[in-house]
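Structures for review follow.
Each of the two complexes below includes chain A, the first together with chain B, the second together with chain C.
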Partner chain A sequence: MQERANEMIKIFIDEKPVDAEEGTTVLKAAERAGIHIPHLCYHPAFPPEGSCRMCLVEIEGFPKLELSCSTVVKEEMKISTKSERVVEARKAVLEFLLAEHPLDCPICDKAGDCKLQDYYYEYGLFESQFKETKEKREKKLKIGKSLILDQERCILCTRCVRFLKEVTKTQDLGVFHRGVHSSVNIYEGTSVENNYSGNLAEICPVGAITDEDFRFQTRSWFLKEGESICPLCSRGCNILIEYHPGFSRFELPNRVYRIKARENPEVNGFWICDRGRYGYSYLDEGRADKIILNKIEGENVLTWENISEYLGEKINSMSSAKKTSGIALILHTWLSNEELFLLHKIFKKDLKVEKIFFADLPEGEADGFLLTSEPSPNRRGAQEIGFDIKAVDLSTLADGTDFLLAFGPFLSGLFSPKYLKGALSKIKRKVLFSSYSHELNSLFDVVIPVALIAEKEGSLTNVEGIVQGFQPALEPPGESLPEWKVLCDLGKELGMDSKFYSEFPSPETILSEMGEKIPFFKKKND
Partner chain B sequence: MSPEFSEKTKKKIEEIVARYPQKEAAILPVLHITQQEFGSISAEEEKLVARILGIKPIRVRELVTFYTMFSRKSLGKYHIQVCSNLSCSLLGAGNFVDYLVEKLGIEPGETTPDKKFTLSTVECLGACERAPCMMINFNYYGDMNPKKVDEILDGLK
Partner chain C sequence: MKEKVLTEHFGLENLYKIDVYQKQGGYRAAEKALKKMKPEEILEEVKKANLRGRGGAGFPAGIKWSFVPDTDKPKYLCVNADEGEPGTFKDRYIMSHNPHMLLEGIIITAFCVGISVAFIYIRGEYEAIALRLEQAISEAYEKGFLGKNILESGFDLDVFVHRGAGAYICGEETALLESLEGKRGNPRLKPPFPASVGLFQCPTVINNVETIFNISHIILNGAEWFIKQGLPKDGGTRIFGVSGMVKNPGIYELPLGTSLKDIIFKHAGGMKEGKKLKAVIPGGMSAPILTADEINIKMDFDSLVEANSMLGSAAIIVIDEKTSILDVLKVVTKFYSHESCGQCTPCRIGNSWINKIVIRIAEGKGKKEDIDSILRLASNIEGNTLCPLGDAAALPILSITKKFRKELESYV
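What follows is the complex of A and B.
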């Protein structure tokens, strides 16, 4: 994806002088200068196709209108994107594209999100002259796990065909027949079955390929989007989370409706895998939103402030030798760099805790493209911070341990409930920080609900060592707190370096402190 | 049973494929041979061609459906293709097709029950100077009229 830095040349777009990279196209140069040229078939991931004709512009000295997606800029080129000829041509192109279009926008999932609809509103607004009967085609062709193809809505931009040819190299879709009879289709007995199929619904500029997972669930204009990072493997793909901000005339079971790819040439390009796209139920299903008190001595403690005070008191009353051998930690690698850094600082450096284990999901299989075999987002971060990632050994864990601080829900998947219960019953005090309400929670004295990556601020280190910051895209449910906040409070209670915890109250400041201590974390990509 | 090319045809295909830097580039000549050998190119033949050229059957389907000279249905011994474009239509191709429909008792796109004739209307054959024109298999016939077509068809066995 790295392009050679070319010389800059001067061109004029709509009489405005613009600097353009030599060798770039008119469309790219215009985008760079903040001038949008409408286009449907052009996608920055692929070479220009030039089939939709939407991006026509007028260039001085050229007798005909030219395709801005494939015309290369030349010194002193004078381009007009708004001249009368261009405006007329755009209208005509839209009229042709819509001549065979079913105009079923009211029942189309893409409505509100559709480039053809937007362009008609912006550049079309003609009266239809098409009096003939439209071609009848397949309207509900299942072409993949979660994909429905409507051939009538298709404008034959071939973005989907090119994606499957150039990105997944599976060539599952083709254009059959010609002229007015052309249509995109699969070969009988086959379907789009790769781990990146969901991208097709996203790159389709119209409602031709829709996603069964999203189809008829809501209308796109009810949704808001927030930027985040996919935590389902260690690639750290940049994503957009589309969620319902609250208002609706309908009963809503969930907040999150759709995950989309967010462009990042260094990490995921324009794509995300289907696991990340469709695996969003973890954001809403089975969430814990209240502090659970199963067994706790002394007065009634109801808020996190009381609990952190109580925990601080109990830990402070232990001798330093007891702190080292009597405290055990179970962590996981969904925690952010900042949180892992705080844990390392408080428990490993200051309290010299020996028993630190990691409970994560079992290793999966990489797919050779984006999906990695590590099913959590920050293993590399934990390693760079200085953790030795050891799997949980229950007998070592329980042996002579008075105090267990466990993070995450993954412990339950690693051991049988009976074995787990037996081992944990030997430990006097047990606190769990988890985002989920689960049977596991009953084995702990206190369970503090915590925020997920989509709901907090911080940074993650991906498999290649790229540190990426993230901001909250969603509100954490109920009483959930981000772990960095919990750890700052605990650090303060434990009385060590309390200045640090009052001076560094945000993930951003914690990360810059990390950069001072660990050079690896100096460079952060946003 | 899936179709196979005869040994002679296999040799011929090998020769054709060797002319191109990439195997896939030989697809059109190979499809012509396939059509000659099997009379039509159905899904089975598409898969055969795909296998020989090391490409996906969908790529073969794209071309077979794009070009009118390939047929997915089995054709009669004689394939009559009548031009339906501008020059031929102006000079009476429409009436000419009607005459053939009546004479052969089949609609365009159909084959006579004895599998002798298949009638098709096609796009420009590139012989406007001899409009209305038609092709029977690979031979051109121009300046057509009912009398002339009677003579031509009667001469075919």
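What follows is the complex of A and C.
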């Protein structure tokens, strides 16, 4: 996807000299220079379509207004994006589009997030002259598992048609009829059922394709968005999480309302799969938000501040031989690079713990595009850090083990409760780090609620070995905290590598330390 | 100078059969071109002849051919026989009378440009003519004018007839290509132009039927002779199709530069039933209208451009004083509203909007400001659309509304 670096040429946009890449279009050159040229049908993922006519600009020496989305820049080209002719033409396009638009913004999910609204506000502001009868069309066509098409709102930019032609190659939608009767519609007997259908609602610049999952749930302006990385497979698609920051008039059932794709040409382009888009319930449902103390000796009351102290004390009380054979770890690959590195450093390198297992969801099926067969985001990272990813063997695990530190909720999916209970009952001390309330939790002495990737800071290594950093998009619920914090404290408690732990490291400093120690992360970190 | 070139033998019985055509000297030009001329010489001759495209835009054919790049890709010829411009009926006439003259022109053009596959994209309604073309093609194969190693020149050519499905827009050259490829007939963005990226992404020459009809005559008689049939910058004759309120509507082949007044009053016999002339649409419905005072004009590309109209398809629609200009406007706006492909915003919605206003005026519900609205909307279509259909609609609407504003105002 890397474009060859072209020579730069000089052009003038609105009399301002601008450096533009040779061979690029006027629209892209303007965008690069921070000048937005309004457009509806143009989408950077597809070749220019040229049908909406919103992006017309005036170019010196050209008799007509030209399309900025398709006109290639030339040395010394003088472009005006704000001349009277351009402004008038833009207004005219908006006037045409709005003439046949139902203007049902009050009940449109796209309101507040709609290019037609934004452009009218910015470039329109005319009084309607349309006295005729608008065309009647279908307003609620179910075109896919979660998609509703409103043909009256459609401005025929054909982004959806082109997406299904060029990305999924399923070609479920087409333009039917002619002239003002032209409508996007689904081909008879088909339905948009592919794993990328949700992208249609996202690339629709107006409210023509809406998502049943989001329809009438909230107003888009109540939502805030945070950047994150989808953890549901090892592609590491860049996402935006749209959540309700709290609105006092409503009792909100959940925080997260919608996941959107965030552009990253190297990873996911402009798209995410439906599993990543619609699978967001894991962010809110069944979350654990309090430390659970099922069985604890003495009068200790655990809070997140003294968890590492508690853990450190238990480990320190073991002989070094016992540490190696008596401690067992169950990890998973939703943990960040930094967390896995700390776990590796503390338990594998320093304590020489032998019994380290991984409990992840069972492997799924890749879809040939973005979705991979690995249902967790950081398997590659764990491998690069030096873990041998072994599945949990309960009899080996329990044999001679005094202290079990388990991470993640996935254990319960791998073994029957009875079998699991039997095996774990042999172990004296058991601590679980998990984000969820689950009956599995009752098998552990202590359960520490932890943050999800969307709620913490760190990095992940995707299936192709791309290391991607992430920042918290959401607040972790209740007493939850990120594992890396506990692990840093624990390192300090155990009195290891005092130089490293004395200044409380951040994920950033951990990653740079990883770069020093592991060439793979050095390379990726440069 | 003989007046008739293309239509000279059109009275002849069975001219559409290859034997009759050959008796009149048919396929001699093809023989000359393939056996005695080099492709470059043919190109040079066609360029010198100043043969301008007969489809409407008037682009010089020789120059169009010379844009085809030298590549290893296959090249195609598409003959545009999707005659859909209202008032235009010349191509159906010449094709049905003399299909072999078209094939002969195709052979020479293809040989000149290095093309081995040609398509005739014919309007769907012209079913009988499509059949006639098919027959002519099979005759030409039998006689060795088509197929492999034509006239032992080593040159191969196959010709296919493709019938359109009834959309005006498919006469626009890039929509024609889409349709020929089996897709919805939407115009493409230009550039790239078909000469470099055309049918199936390959270099393609697209010429109108009448343009191709002229080729064999240029080859036989030379460019100089051809220019003498018309004007120095606009060689040859033109097939004028006269319709409307004249005594003798029909096809008239006349030199380019013949006066419009003469065509109406001499050749077409003047006004029907002694009515007075009100207006003329000189080049198919897309051409801006001329008033009765403006008909002292030479019918060639440049003269009509000077008069802010266009020669277009040379289809002359004669309107008499009894015809209401509102009816004319209704027909025009209904047509473009109906035939807009719907791809780009101004054409899709603008034409429908204008048509809705005109219908409302015709229903007696017009308002004074409607006339200005029509002008404003048409101006907003003009120059801002993806393909020439936007202008083809806006220009006649603007000219009718401006030139006959008074009459239109009497309806609101």
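Convention: the second predicted complex is superposed on the first by the 520 of 526 C-alpha atoms of A that agree within 3 Å, B and C clash if a C-alpha of one lies under 4 Å from a C-alpha of the other, contacts with A are read in each partner's own complex, and residues count from 1 in each chain.
The rule is simple: contacts are C-beta pairs under 8 Å (C-beta built on N, C-alpha and C of every residue); 3 or more make two chains touch, one makes a residue touch a chain.
Quick caveat: nothing in here was measured; it's all calculated off a predicted structure.
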item	value
When chain B and chain C are modelled together on chain A, clash or fit	clash
Partner chain(s) touched by A:S51 [first = chain B, second = chain C, both, neither]	second
Which of chain B and chain C A:E188 touches, first, second, both or neither	first
More chain A residues in contact - chain B or chain C	C
Touched partner set for A:K418, first chain B, second chain C, both or neither	neither
Partner chain(s) touched by A:R178 [first = chain B, second = chain C, both, neither]	both
Touched partner set for A:F96, first chain B, second chain C, both or neither	second
First (chain B), second (chain C), both or neither touched by A:I155	second
First, second, both or neither for A:T133, with chain B first and chain C second	second
Chain B collision site on chain C, chosen from 22-30, 274-282 or 328-336, when both complexes are overlaid on chain A	328-336
Chain A positions touched by chain B in one structure and by chain C in the second	174-175, 177-178
Residues on chain C engaged by chain A in the complex (per definition of touch)	167, 169, 184, 186, 189, 337-346, 348-353, 356-357, 360, 373, 380, 383-386
Chain A-touching residues of chain B, taken from the complex the two chains share	43, 56-59, 61-62, 65-66
Touching residues (chain side chain A, partner chain C) in the complex	48-54, 56, 64-65, 67, 70, 88-89, 92-93, 95-97, 99-100, 129-133, 135, 155-156, 174-175, 177-182
Sites on chain A touched by chain B in the complex	171-178, 186-188, 190
